[in-house]
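Order as written gives the chain letters A, B, C, D and E; numbering starts at 1 within each chain.
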Amino acid sequence: MDAILLQILNGLDKGSAYALIALGLTLIFGTLGVVNFAHGALFMLGAFCAVTLQRLLSLSYETIDETKTDFLGNPLKVKTPYVEGWFGPEVGGAIIDWAVPLSVIIAIPIMVGIGYAMERGLIKHFYKRPHADQILVTFGLAIVLQEIVKYFFGANPIQTPPPDALLGVVNIGAAFGLEIAYPIWRMVYFLFSVAIIGGVFSFLQFTTFGMVVRAGMADRETVGLLGIDIDKRFTTMFGLAAAVAGLAGVMYGPINPPNYHMGMDFLVLSFVVVVVGGMGSLPGAVLAGFMLGILESFASTTWATTTIPGINQIIIYLVAIIVLLTRPRGLMGRKGVMED
Amino acid sequence: MGILEVKGVNKRFGGLQALGDVNLSVAENTVHAIIGPNGAGKSTLLNCLVGKLIPDTGSVMFDGQSVLGRTPYEINQMGISRVFQTPEIFGDLTVFENMVIPAFAKRDGSFRMHAFESVASEKDIVAHAEEMLTEVNMQDKIHMHAASLSRGDKRRLEMAMCLLQEPRLLLLDEPTAGMARADTNNTIDLLKEIKEKRDITIAIIEHDMHVVFSLADRITVLAQGTPLVEDSPEKIRGNPKVREAYLGEAA
Amino acid sequence: MNVKPDFSKNANLAATAPAYLSIYDMHAYYGESYIIQGISFNVHEGEILALLGRNGAGKTTTLRGIARMDDPQVTYGEIWLDHQHLHTMKSHQAAKCGIGLVPEDRSIIPGLTVEENLQLAQIVEPIGWSIDRLYDLFPRLGERRKQEGVTLSGGEQQMLAIARALARDIKVLLLDEPYEGLAPVIVDEIEKTLIHIKEQGITTVIVEQNAVRALELADRAVILDTGSIVFDGTAAEVLENAELRSEYLAI
Amino acid sequence: MLGLNKKDMTLLIVVAILTLLAPFILNPFPVDSGMAQFNAGYPDLMQRFVIFGILAIGFNILFGLTGYLSFGHAAFLGVGSYAAVWMFKLLSYNVVPAILFSVILAGLFSVLIGYVSLRRSGIYFSILTLAFAQMSFALAYSVLSNPKFNLTNGETGLQVYADDPQILHRDGLPDVPHLFGWAMRDNFLELKLGGWEFTFNNGYYLCAAILLVVFYLSIRLFRSPFGLMLRAVKSNQQRLNYTGLNPKPYTLAAFIISGMYAGLAGGLLASMDPLAGAERMQWTASGEIVLMTILGGAGTLIGPVLGAGFIKYFENIFSKINDNVLHQWFSFMPDGMEDFLVFIVHPFVGKGWHLTLGILFMLVVTFLPGGLVEGGQRLGRLVRSRGKKPEDPKDPEHHPKETPHVAE
Amino acid sequence: ITNNPTGGSVTLGFNVPQTGPYADEGADELRAYELAVEHLNGGGDGGMLNTFSSKVLDGTGIMGKKVEYVTGDTQTKSDAARASAKSMIEKDGAIMITGGSSSGVAIAVQGLCQEAGVIFMAGLTHSNDTTGKDRKANGFRHFFNGYMSGAALAPVLKNLYGDDRKAYHLTADYTWGWTQQESIAAATEALGWETVNNVLTPLASTDFSSYIAPVLNSGADVLVLNHYGGNMVNSLTNAVQFGLREKQVNGKNFEIVVPLFSRLMARGAGENIKGIVGSTNWHWSLQDDGSKAFVKSFGEKYGFPPSQAAHTCYVQTLLYADAVTRAGSFAPCDVAAALEGFEFDGMGNGKTLYRAEDHQCFKDVLVVKGKENPQSEFDLLEVVEVTPAAQVTYPPNHPMFGGDEASLGQCNNGA
């Protein structure tokens, strides 16, 4: 019982990551119709916003400690972060400790800015081009972004730990007499993604924005005839999607340390999630994200892998095949969206 | 017994009864016009004939065989061709290539793997296509991309593609809509000529009464998914109900 | 290719009324093909102008050029609307200035219901008729407000396209074959609507294959042939001039 | 001739000349010059050029003609390679049975995957093929390399061991892949002319001959009624249906043909270098095939081959330029200048070759929508229009393209 | 012989991952190679040339020929690695290929070098197969392997955690993972530990939470992570996240073991690595003369201490140069003969033997632990124990190494 609940929780968590990435991807891919292979890179850039802030906050001045030596036998240079120098070790330490949540604040404008720049500078020339061209150009962009990050941060993963206060586990089953120890930060991530998903939904639901963008994707020309400057809205949409992807990345850092190719690892899966959910359907993307997360979680149990060897390797693809064959447009896809 | 027998066909879209108990019999080698107000279900009826839609109930027999449950290409192979209300052509291909495809379909059936002949060496097919293009007066546009034709030309091309197959039943959904008057007249002449030359049955949907009355042998008036009357053109013209519901002053 | 506009033909248009919409020496291309070869004409405030010509003459291209669509590319010329120069604008800006185009293929937006299609027109100021008023004009649309726009019948789509243009506060209505595919009674209806619209002071340019109908409605007419203007004058003149009618309109 | 029209015949002849003379063309720089780094005329890379060319030609038959974008074609490449190595293990190192079997097995796989995937179109089709390929990869990498039934030898890659049966192997035949004794890895001629060196490799010429055959077949196919039907599928499936043609068998046939081309490429890869690794089936490999095709120009005859060459060139040549080489190039400059130039170029070569590739992807697709082929055409037009009078054919006095009046 | 150097120089091929997840490791390997070339050509302070027990290398290159090198990118893919190695051999005339940071790549390239008739000096490869069932006459491995990790770790684990433990293995689902798991399980079971479960994790996994969670209820009190690189960083991070290290099971502290450590992995794992035991080939804090000399010249050139990958690559280059010089020939068969059974010292890890039967080096193996109070960003591991070579030596026909069937085959001089 505990074990099953724990697997579901794990699935929810993995699902939140899938759902968040797929949500952003749906905004671009399902709504704007652009096959954005750089979406994973946006996720990665988000995570590196946190890394950067952490690095900035940890910028240090050096003092020489004569009593100790470094690996070459020279006197050891001790580094003290400026913030600790300015605010004292206590406050300064706390600021560094909270680097990841703090980065959410800086990540929003940065990611929106990146999204804007990307759309204005590149993507806008590709709305009318075939999907294949979009794949090529966004793939090129993804490589470039990755390589830039690699140039500055290296290929190795970089730890971005959560604040000490959010470290450790809680027993969330205690109230029911169950023993379900779950990491606090993963709970935070789940709640965070629910909040973002809710935010995006209400933005698109309670404003006509979503409808206009959908219409614009289906028929740019006609929407222009109705006095709507669709380009501006597309840009906004892209900024929003980039922010969603980036935030998903910022908060993901403490779960698994970011590295420059983490985006590519998620990219293919998130395309699968979006398509299984149904092109252009936000609820579909979220639902499929959670569904595949939980299924993957169950497929990794010993029971599952002993019953069907290797099932954990292929479960997502297997489910995708079954869903697509039985439900032609994915779980919640609407007719007419990207069918050719 | 007509070549096309539609019996008790019903089709619902959600709450909307698009076709309600439609019975229709089209006699061989006649032109049968279907007219009626917008949204009466005319195109829906054609969709049921070519396999685009499957009626909820009822039967559709063509030449004694049921078309229901067959795929569109099988139905076409039975001898039914259709011109759509919004032109369905191969936009990426040239006008010539558009014509060649039905020619192959007619000669070789639904699938043949002729991967190593060249199109140009299929003399009979090429000749056939060119001949038909001349007939519809489009020989000067033979190398244009179909997508860049004007709307009237697209319609003419689609009709030519259907005619080339020499179908036994030709379904035309507003073939002259948007066509210049001169071309409309040409189309009428063409259809008449073809009808004289070969055995062909035509079912035509049209709002242009000039076309309807020049061609039709019989007319069915459809309203709100059910046939209102079926009669000869003269009678229809005089029918007050039809005048009020449909024809307006055009009659 | 090297066709200069012949201004002698429209030399007489000037003085009568102040030009409201004015096209001066417009040239337009689709990619490499040179379609509109330098045309100039004026539309006066509150009048209905019929723009006529054969299939492929360039009527649609002209309207799209005026509405500042991305295609065709207008490479030269000026377009003025009420002292604003449209030729520097994009389509959405032209729309804000008061251009309303009803495209020939209706361009109902897939994925949106009838009502959403109308709401979409009212997102950006200036807003015209209320949606309820439009439903009064076209009750069929009211009945189908929750249906997806593209599943409407051909005629219903035409109504929706016109309604959508009126949902915006427009100064000039550009109609590309508004009668196409409509039942004769509805054509009568729409004609009445157009007269009604005219009474509201809206200027209209109508492209129509049914030239007689259009001319009966219009104040003035412009006839296009292969991208050049061959006639510019009153509607009555065309109806009287048999040569003109047979040469360019085949009526 | 050969059932081709004049233009196609010219193309075929040009391609034939280029492939047959590749050892010269690809080695334009003397061995000792600083530019020798850019020589690509060594057997392995030349083989790769043609093999990936074959792969891309096959992919283009599906994607370029029907518009169905398969994201799983690498699976067939992998299947072909495994099939070939199994033939080496079981029969002998002769490449003929290996290549035949790889084409057949890849064909069978594509029947299976194609039949299922083609029930959907558009992006759904792409994701289905991707899913199948990723499953194949996972199976090959771990599940099927389970010691109990080791079909793929997992991470290490399938290879021939001394204790393999090789029932048709006879003494005197080489212990490497060969064509009736003619070892693929051997060079039949090594020419030294002045500072230049040219290598003529058995394996390369086998691949080149096969390339010419399959290229010829693909030209025929493009121009055939079948090719026309495939383009019709891309253009309007509805109309095809209502014209009495069932699109399914056409697309399936195209899928199988392109799968077999991929299998052939896989078999050739294994024949040149008898080891089949699972990474060949990963989605990135499938993605690479897509990129090759688009980069070169989808739907054109020669484009995919160019695209394949382009990407493989970068992978093999640019990745090998290190700082050491850079310093040699710029050594004629004053020291400060030399260091500065090395500093500037450094991020784009060697371990930064991905960066350059990414930038080039973006540039090519942005400025040459039709891929490299379009670039070539533009160049051609430029050269041709030089000869003519510099007059604008389109009425220069009346409507110049840019005018102060019309803002685009 | 293939690519016999005729002019005044000899070309070596350094084939390392320059892109992909192991790019940093590859970069470090490349630094070591450049340093080795510098030392061979008489530049710098000579590094380990001064401490190496064999004294034939004199800083004039190899047999008087100046050492030059070409580099390539393995991308950590067998295909790409082979293509890159081939181009070095076919185009650049490399006489020896070395490098790599994964076993799949090492085995693939080793096979290629065997066919092409050049020597392959493996870089970082830890799978038993490299010198086990896939051993080749032209291939040589200085690095240690899975079996040695197990043999070195077992006694230490017994000391630290007792002999009554229940171990739960998470294993990367591919050949290297399997062989390491097999080795560790065998070594620990010999101590009396029980292996409760072994779960295979897909290579592509990025999040291991669903594999970690079941550990909590399995009754196990030790978790063994048979993962490398990014997989290891993530699985360890997840394990710590789930509070495994704070748990008490069966009345004992729950422990995590990572059999193969590298400094780059340790850096990726950050805080989580503290107190965790594993094994490594070499560490810069070793105080023997060879290690000190190498750390000094590497550190002064690049500003930070070398990794174990850098060390093994550096040593392999010197060993090759030495063998050529001793053999007096570049012919692979002569070089191989000079390396086979060669015993040396002064390269770190104490006295070392290049065993003739399988071309595996036998030397001391380090058991290390994540340091609790690191003094600098490189000071992540502390050496717990230096396990003597004798304790990790196994017979060449050991079943985990292909048994009696495994053979080096014939050495190949190429054409």
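The rule we apply is simple: contacts are C-beta pairs under 8 Å (C-beta built on N, C-alpha and C of every residue); 3 or more make two chains touch, one makes a residue touch a chain.
In this text, all values refer to a predicted model and were calculated from it rather than measured experimentally.
Asks: Considering only chains that satisfy the touch condition with subunit D, which of them also satisfy it with subunit E?
Replies: A
Asks: State the smallest step count from subunit B to subunit D, taking one step as a move to a touching chain.
Replies: Minimal hop count between subunit B and subunit D: 1.
Asks: Quick check: more C-beta contact pairs at A-D or at A-C?
Replies: A-D
Asks: So the centre of each chain is just the mean of its C-alpha atoms; given that, what is the distance between subunit B and subunit E in Å?
Replies: It comes to 75 Å between the two C-alpha centres.
Asks: In angstrom, rounded to a whole number, how far apart do the mean CA points of subunit A and subunit C lie?
Replies: For subunit A versus subunit C, the centre distance works out to 48 Å.
Asks: State, to the nearest whole Å, the distance from the C-alpha centre of subunit C to the C-alpha centre of subunit D.
Replies: One centre to the other, that is 51 Å.
Asks: Please compute the C-alpha centroid of subunit B, do the same for subunit C, then give the distance between them in whole Å.
Replies: Here the centre of subunit C sits 29 Å away from the centre of subunit B.
Asks: Subunit A: which residues touch two or more other chains?
Replies: In subunit A, residues 310, 313 touch at least two other chains, as defined above.
Asks: Subunit D: which residues touch two or more other chains?
Replies: Those would be 138, 142, 354.
Asks: Can you tell me which residues of subunit C touch two or more of the remaining chains?
Replies: Residues of subunit C never touch two or more of the other chains.
Asks: Give every residue of subunit C touching subunit A within the complex, in rising order.
Replies: 67, 69-70, 90-93, 95-96, 100-101, 103, 107, 109-112, 116, 119-121, 123-125, 148, 150, 164, 168
Asks: Can you name the residues of subunit E that touch subunit A in the complex?
Replies: My answer: residues 20-24, 173, 197, 199-202, 204, 206-207, 209-211, 213-214, 216-217, 230, 233-234, 237-238, 241-243, 246, 264, 267-272, 284-285, 295-296, 299-300, 304-305, 375-376, 378-379.
Asks: Where on subunit D does subunit B make contact in their complex?
Replies: Contacts found on subunit D: 3-5, 217, 220-221, 223-229, 231-232, 234-236, 238-246, 249-250, 253, 257.
Asks: Mind pulling up the subunit A residues that touch subunit D in the complex?
Replies: That would be residues 35, 122, 125, 129, 131-133, 135-137, 139-144, 146-148, 151, 264, 268, 271-272, 275-276, 279, 309-310, 313-314, 317-318, 320-321, 324-325, 328-330, 338-340 of subunit A.
Asks: Using the touch rule from the top, collect the residues of subunit A that touch subunit E in their complex.
Replies: 2-3, 6-7, 10-11, 13-14, 17, 68, 70-72, 76, 150, 154-159, 161, 168-169, 181-183, 185-186, 255-257, 259, 261-262, 265-266, 296-298, 300-302, 305, 310, 312-313
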